[in-house]
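Below is the structure I would like to discuss, written out as structure tokens.
Labels A, B and C are assigned to the chains in the order they are written; within every chain, residues are numbered from 1.
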Amino acid sequence: MSAHAPPRPGVPVSLQNLHKRYGDHVVLEDVSLDVAAGEVVAMIGPSGAGKSTALRCTNLLETPDGGRIVVGDQVVDAGAGVSQADTMKLRRTAGMVFQSFNLFPHLTVLRNVSLAQERVLGRSRRDADARSRELLARVGLESKADTYPGRSSGGQQQRIAIARALALDPHVMLFDEPTSALDPELGLDVLEVMRELADEGMTMIVVTHEMHFARDVSDRVVVMADGGIVESGPPAQVLADPQHERTRRFLRAVMDR
Amino acid sequence: MSLLADWWEWLPSLLRGLLLSLEIAAVSIVTGVVVGMGLALAVSAQNRLLRAVAVVVVEVGRGTPALVVLQLVYFGLPSAGLTLASFAAACLALGLTTAAYTSEILRAGLQAVPQGEVEASQALGMGRRDTLRYVVAPQGVRIAVPALMGFSILIFQGTSLAFTISVTELLSRAYSIGSATFDYLSVIALAGLLYLAVTLPAGWFVRRAERRMARHL
Amino acid sequence: MTEVLAAIALGVPSTVVVTALAFAMGAVLGVPLALARRSGPAPLRWLAQALIDVLRGIPPVVWLFFIYFGLGNDVVRIEPLVAGTVGLGLIASAYLAEVYRGGLLAVHAGQQEAAEALGLSPGTTLARVVGPQAVRVALPGAATYLIGLLKDSSIVSTIGVTEMVFRANAVSRSTGDGLMPFLVAAALYIVLSAPLAWASRSLDARLRRRVAR
């Protein structure tokens, strides 16, 4: 699309034996997932399966009741109580993109992308703004830099959100249903940006309903249901010839739409 | 029309009283909102002791009638070593009341900021203080502004209670004139009109601000 | 301390009576005001709005002085309790009219349309369809106002009604203690409002359960 920053190698991610429950409701039941550096994993499955929860545990937006989270060389054990410092370090390594974009409406697009660079990485305003413009150009939205998010379409806002997350030079990118709130057409641009990221070697975990993305871009598809991982494998195999009845049932419902 | 003649005669004194009412209101509102913001943050603080103290201050401040707070500050504080002149006592009393009520208004405003933005800020690695300072507070305060303005009008009305602690504001001047002329009806009516001269335009202004706020959100 | 408490507590009945009567008056008078504001010929709507604005725009104590010293001296002899209750009641009607208006606005326009399509008369529509739903929305606001009115009842002490603040002042003057009587009074107000606040919260919860099916 435009000037590319030099590709940044992603780091491996390992979720080990994650448990989480809300009262009587078990959300995550001994979930373990290993993601290699630069691997793109698509997480699919019915609502309430625990996909988003597992994703949000990865950067500790939710704290699992038990288990271990490894991102690159950051290791966090949930059971022992997690320190604020460890949480911050983890979040600096993993960038997250949300279903509802969550841009800051009272700041310009440029400021949205620069703010965390200044506050978290300690970059000067000038350096942060320069990097922000680079990233906005990369997602094709440099012209929007001095406008407010409300003036952009959903697809544009999501691309800005991706730029905002990339501004911190993460080594892992977490996507929580990035295109679910978008019209299919607007979603295409976002998926294109995600595809480029994948090509550059970023480690990505993507919770999605977009089967095309799962099939064409991801290296591995992980199916979750009822708090556990049901099936995991290359997209061609999982999507075309699923081994488990649960997966078959889910795919049938999705494809029928 | 001797009524209008009377009104013309009483107007200067009443206007001086109105000015004093406005001054008390201004001081109380400004200091009260600042303290209120502190209370709003303290009520959701991590420190349990701070939280408890703040909650008690807010609940007592909101649960006690303004008239009682005025009496407490003016008549009660001297026993605790602090003697204040009427004007200062009125400002302190109404300021405390303002702080207690506005802390709840501000807290509601801060909570109205979408949780998703707080999560995005956290995901970016920003700590609680930065999230509050750059994401939550700017929007939360803006959301609270119409309610704060509406409350300010009530505080201005509340200055009329200060006559009970010898402040020569608008109502007390009207009453003095009334007891001198034995004609309370017309002078209090004039005082009422002067209050309306402030509260009516202020109320319209607040409603316009509310509508503009609703359009942006 | 107990003598102080006993002396001030003598004012509780007056406080409660003033609050209850003023609220009742406001709750009843607020209805025609709200209806006039909402659906009536333009001059009536304008008059209702003006009435509401004037009642809410002048401080309550000024209204009380106007009624007790103004009308009370020149026009007709009025008891402090009556003047205080009527004054607060009129102001309450203005505030509650606005609360009712909020409740009426919250009812979906579709309800009115459906009632009309079914051929129900305006009176029946209001009483059986729109009204009950509006009340459900307005109830929390009215409860909040009641709790506020309990505190505002203290204002009638300025025209000589022997409720809690009046008595606290009397005790303070006779004992020379400016602190304790008012602290006791404050505590009494907080204690009196606690059951109201609790009732309001449980009413809220019960209403929410009913509606969210």
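In this section, contacts are C-beta pairs under 8 Å (C-beta built on N, C-alpha and C of every residue); 3 or more make two chains touch, one makes a residue touch a chain.
This structure is a prediction, so every number in the text was calculated from the model and none was measured.
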item: Steps needed, at fewest, to go from chain A to chain C via touching chains; value: 2
item: Chains linked by the largest number of contacting C-beta pairs; value: B-C
item: Relative to chain A, chain with the most remote C-alpha centre; value: C
item: Central chain of the complex, centres being mean CA coordinates; value: B
item: Interchain centroid distance [CA atoms averaged], chain A/chain C, Å; value: 53
item: Length of the line joining the C-alpha centres of chain A and chain B, rounded to whole Å; value: 46
item: Whole-Å separation of chain centres (CA-atom averages), chain B against chain C; value: 20
item: List of chain C residues in touch with chain B within their complex; value: 53-54, 56-63, 65-66, 69-71, 73-75, 151-152, 154-155, 157-158, 165, 168-169, 172, 177-179, 182-183, 185-186, 189-190, 193
item: Contact set on chain B toward chain A in their complex; value: 114, 116-117, 119-127, 130, 134-135, 138-139, 142
item: Chain B residues touching chain C - in the complex, by the definition given at the top; value: 59-60, 63-69, 71-72, 74-80, 157-158, 160-161, 164, 171, 174-175, 178, 182-185, 188-189, 191-192, 195-196, 199-200, 203
item: For the chain A and chain B complex, residues of the former touching the latter; value: 59, 61, 84, 88, 91-92, 94-96, 98, 100, 102-107, 115-116, 119-120, 161, 164-165, 168
